[in-house]
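Naming follows writing order (A, B, C and D), and every chain is counted from residue 1.
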Amino acid sequence: MNVFDVGIIGGGVIGQGIAYELSKAGLKTAVFESGEIGGKATSAAAGMLGAHSENEKRDIFFELCLESRNLYPSLAKELLEQSGVDIELVQEGMYRLAFTEEEGRFLQSLADEDELEWHSRENVLANEPHVSEDIAGALWLKHDGQVKGSSVCHAYAKGARKYGASIFEQCPVFDVIKEGKAYKLVTSQGVFICGKVVVSSGVWSGFFFEKLGLRNPMKPVKGECLAIKPKKLVINKTVFYEHCYIVPKKDGTVIIGATSYENDWDTHPTVKGVSELMIKVQKIMPEIGSEPVVSAWSSLRPQTADGWPYFAEHPEHEGIFFATGHYRNGILLAPITSLIVKDMILKTNQYERYVHSFSLNRLLSDAKGR
Amino acid sequence: MNVFDVGIIGGGVIGQGIAYELSKAGLKTAVFESGEIGGKATSAAAGMLGAHSENEKRDIFFELCLESRNLYPSLAKELLEQSGVDIELVQEGMYRLAFTEEEGRFLQSLADEDELEWHSRENVLANEPHVSEDIAGALWLKHDGQVKGSSVCHAYAKGARKYGASIFEQCPVFDVIKEGKAYKLVTSQGVFICGKVVVSSGVWSGFFFEKLGLRNPMKPVKGECLAIKPKKLVINKTVFYEHCYIVPKKDGTVIIGATSYENDWDTHPTVKGVSELMIKVQKIMPEIGSEPVVSAWSSLRPQTADGWPYFAEHPEHEGIFFATGHYRNGILLAPITSLIVKDMILKTNQYERYVHSFSLNRLLSDAKGR
Amino acid sequence: MNVFDVGIIGGGVIGQGIAYELSKAGLKTAVFESGEIGGKATSAAAGMLGAHSENEKRDIFFELCLESRNLYPSLAKELLEQSGVDIELVQEGMYRLAFTEEEGRFLQSLADEDELEWHSRENVLANEPHVSEDIAGALWLKHDGQVKGSSVCHAYAKGARKYGASIFEQCPVFDVIKEGKAYKLVTSQGVFICGKVVVSSGVWSGFFFEKLGLRNPMKPVKGECLAIKPKKLVINKTVFYEHCYIVPKKDGTVIIGATSYENDWDTHPTVKGVSELMIKVQKIMPEIGSEPVVSAWSSLRPQTADGWPYFAEHPEHEGIFFATGHYRNGILLAPITSLIVKDMILKTNQYERYVHSFSLNRLLSDAKGR
Amino acid sequence: MNVFDVGIIGGGVIGQGIAYELSKAGLKTAVFESGEIGGKATSAAAGMLGAHSENEKRDIFFELCLESRNLYPSLAKELLEQSGVDIELVQEGMYRLAFTEEEGRFLQSLADEDELEWHSRENVLANEPHVSEDIAGALWLKHDGQVKGSSVCHAYAKGARKYGASIFEQCPVFDVIKEGKAYKLVTSQGVFICGKVVVSSGVWSGFFFEKLGLRNPMKPVKGECLAIKPKKLVINKTVFYEHCYIVPKKDGTVIIGATSYENDWDTHPTVKGVSELMIKVQKIMPEIGSEPVVSAWSSLRPQTADGWPYFAEHPEHEGIFFATGHYRNGILLAPITSLIVKDMILKTNQYERYVHSFSLNRLLSDAKGR
């Protein structure tokens, strides 16, 4: 009864995405979640699908981001049908601002044919008239978009349930113990036998790395966000400068993110953090100063040493998979992550290059265990 | 400075819709709102666009509803562009349930070629598997849909502002005084001179009828709603029976409405009202019983003696218009109301039949003043 | 049926306080409230009882404040008994900080025997260790305290109801019309006949001044507040510097107030206002920077030209009383205001000096009407 | 650095109470909390101190309850001083209602000299006029009172911090491993060495029993509550009948509790549960039907097989203590639990009878391990 093909530890957007794809593929899947579905980093995210905004290099991580982003339009339709939840996909592109001539030259150097277009100051102000007049111009990231992170997670969860997945809330996993060819997951709600196990517990995954004989690569990067509900400002595109982004959501609220504090496990938005955000955003878009503040919140990004996620089977314990470490990009990367994990479990070998690049070698090479 | 072409009293969905169309047409428009934009009935609505669900007769009120409903798809696009706000239009149709054979026969008798289709019990349960197995079948209202009422209002407001409208919040109008060919609106923020005046103050409009020498046709009908956020249930269509409807919103919440208390000015959801709703909905969809309750609220529907709205110029005071009394259908009727008022003010004579049918004669015929 | 001894326009802390005292004295009293009881300035207040913090002069306004403050301890008991609501009276005193030597000398010059005591830097830091180390010392306002403003209002309202008062919510008053020896109050819920009328509609009272032939003395002063819920900081006393105060409430939250914008009718906390508060408070108490932000809000203080309230019968319309204009001190002044109005209505002549000092002469002297 | 005298697993009211007493006694104490302080059962409690309402027998559990209840008045003062937080202690007694003659006779048989007094129907209705007229009378539990559970927890936490305790949030403990004479606590934030360990993880404690070789005695009993904010009703005493209680809080809200579902790990208030509560309470106090609903919530009571808590050192692992299983009475029992644990750790032998009665023998006798 308590036996599953796959047990997934953690019900954030990553765990739920995986549960969706696996149960859709016919596997008997269970998600074990300490608290509530999507209640941690996933709900805190601004939801940007920033393949370009988060990458300047043209490496495999960039390709991963791009491929995942491009999965969203059809995924949005599929999830709406399966779950009734609209994930609020917006694809208006983003503006990356330059304030100095030098920044402008740098951004111009990034322009390409398909995705990145340099816009002059006048052009930007014509499109987004509330941006500061002090800008030098902006790079337009044509196809980067956004979704509502918590809705992606809930849509995946409802879809997974429809395909037969079990979801256990208030159910922390304490231990993973080999039992023949399978694993016992020890939880507060008892023991479950799972043929395979996926560790997708966000910043709390570190424990399972250690438990399973690996080094803990995970550190928290606290981030705070702010929501406003403009009475006047109409903002169409996401606009960002350095680490301050302005993300207009479909319901008329605008999310402003995000601070970044390494190794801080606190999850409350603080006076200091929120006031810093407020000051920054007023430089980028001065009129925001007179718009209504709605709320502020905070959560922990799961960062690895090199900032890349892990998609990998345990080198010694067959059937244990890691899918975590998505840092600033877990919403963006949930669709591709889910497919990669399905690929690894079903051994369909479609994503070998990613499995190769995001393997545990980065951990092992360095030093094994603690 | 404090001079406008048109002054609109009340910033609910009706007043904001009118402000949008008038300022788009080039008039210098102001909205005066006692409290906050959309803060009254407009925010409380479930947002159904129930041309059929609210009408069995095929009279001119039905035609009005139908025409307004059919304006929504293009309006949704226009407002998204102008305001950045998505009004969350859903057009999956609605199920009107029959529980007894007799109800079934009656609903079957309503079926027609285009819009209303009788579905057997099996068919309904195949489409909406969570509906009670006790049903006898349902009438499918193919094209009735829904939106988010508060978002329609905010989208209209932001659009109106973009077209130059002024919106004064915390600004109750106390008096309307003839001043030459124009009117003085006396408010807590001073006096404003307006060429024309529109009364769209919902259930509070009654005062202006009396003030302007007419009988007060307005009475409050208190309504309570409930929101749940299902973990399991996927509901696609709005489902209703008698006066209990289940409206699945795009963000995954489900609104359950609504109680009805005549002449009750209280605006708090009560233990009695909410428990009644909860009991009714569990009969219609038993599994809802185990889904999470999110919140409950209440507001006042503006009902006239005959349940129809007024679209009319004052018989004696030229330039004063009434656009109120939308009772259970103000969200549905906002688009057509806005166009009719524009039509009356610009004297473009496009909606004469409605102006004729929804005139003040209903009030005057009876007795003038009290 | 719709006949009352006294009709009170406005159900904030002032209107409800008056309703309580009058109905307790046996009068048949009604409160007419546009929206919800206590929903405006009253709910926004930090609740300081700052007889000293708000006054440096030793004039009659100071005496009024002091007398009202001293009414609170017994009132708190009485209201708890009558209404079951605890108004959260705290009497730990307040610290008025000096940062420069000059400020220190000035505050020392204010010290007296009973109420105001100069505390050295060391002494202050010993008592309130989280205050900035940059202070030069502080004046201790021994007996100034605080309450929860919204609770005072609700306690008064429940007490008034118990003594038989009627409270009409969602019921704006539009007009006051002489009718024999009494007055007709014209409201959205119909007409009420009241022997006497009290205008206590906060910043919205201005309309009634004008309507009744007087000059409108009222202007809004928007104020924003912020609440935090410290995990670490234990703050005992209210601490303030210039216009930034830190008010520790009994439930462990700390209110930080308040900004001040004249003639701004907007009632939303803005990015600009909230960030200014946050920056100021971090100077006064740096460790607050790392404490959790809970919420922010805003409302309108009812300010008169000279900043003093009016307690006065209309010079020409007998039986119409004004009790409004409490600006920054309506919570502090509610108890004495209620007694003064009772005194005027019952002609018991106990508060003649206040009636004399806070009369309408200030308005009339200047110019009558507009 | 990561070394403590005592490590406490779980930061609900029990864990924080223990942390407070131990750090006050000079021990270097740490609390490890999976989520946020007091975020689970502790915040959900109605806060009744029901020594009598929860007990009809006169056994040692009753004595424990009584002794803990009697600790509250001085504790309330102490915590206010240490933490600035008022725990909102109310001591108006409670009414246990009888609706039938038989119930009346039974309650009369419980009356005693000091604490329990039978009140006739008339007497009860004179004191609490809103109680249903159908009652037959009530037992007055003179000294049973109430507090705000979440405030007790936060006051303890702030007090503990002041005495030097460390509190780690977002820090689940996964394992307890013997390390010489001490224990390693393995957490998501790394490993901590603790001389002694206290398991106070509420319903999630079960895992640690098993992990440490004992049988898991813990099962969840889901409970839902409802808050209303009466506009009219003044309720002084807590009133209850069967498992429905009406608890008037000091801020004017009234908590209505609680449903009871065994072995249900869900933590959302459901349509079914909340409607059941609403129907029950309207029988007890019909006028509550027209009062405003504010919110509803739910959490998990930690129940043991016999419904009693454990205060015990592990029979084989010296230095590991259990303080959990408080089921319906954790708020009531927090003060005595904290003192008993301190007593066990400091070996001061003051509470031997309780240590004797609430030992692990109940678990061991039956069968050891699974």
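As a working rule, a residue touches a chain if its C-beta (ideal position, glycine included) is under 8 Å from a C-beta of that chain, and two chains touch if they have at least 3 such contacts.
These figures come from a predicted structure and were not determined experimentally.
Student: With chain centres set to the mean of the C-alpha atoms, which chain is at the far end from chain D?
Tutor: B
Student: Have a look at A-D, A-B or B-D and name the one that copies the B-C interface, over half of its contact pairs being the same.
Tutor: Copy of the B-C interface among the listed pairs: A-D.
Student: Taking the mean of the CA coordinates per chain, how far is chain C from chain D in Å?
Tutor: The mean C-alpha positions of chain C and chain D differ by 39 Å.
Student: Using the average of all C-alpha atoms in each chain as its centre, how far is it in Å between chain A and chain C?
Tutor: Chain centres of chain A and chain C, defined by C-alpha means, are spaced 47 Å apart.
Student: Quick one: which residues in chain A touch 2 or more of the other chains?
Tutor: In chain A, residues 231, 266 touch at least two other chains, as defined above.
Student: State the interface residues of chain A toward chain C in the complex, per the touch definition above.
Tutor: It is residues 226, 228, 231, 266, 268-272, 274-275, 278-279, 281-282, 288-293, 295-296 of chain A that touch chain C.
Student: Taking the touch rule as given, give the residues of chain A at its contact with chain D in the complex, in rising order.
Tutor: Counting only chain A, the residues touching chain D are 34-36, 168-172, 174-175, 186-189, 203-204, 206-207, 210-211, 220, 265-267, 300.
Student: So in the complex, the part of chain A that touches chain B is made up of which residues?
Tutor: 37, 82-86, 88, 148, 151, 154-155, 157-158, 161-162, 167, 230-232, 234-236, 248, 250-252
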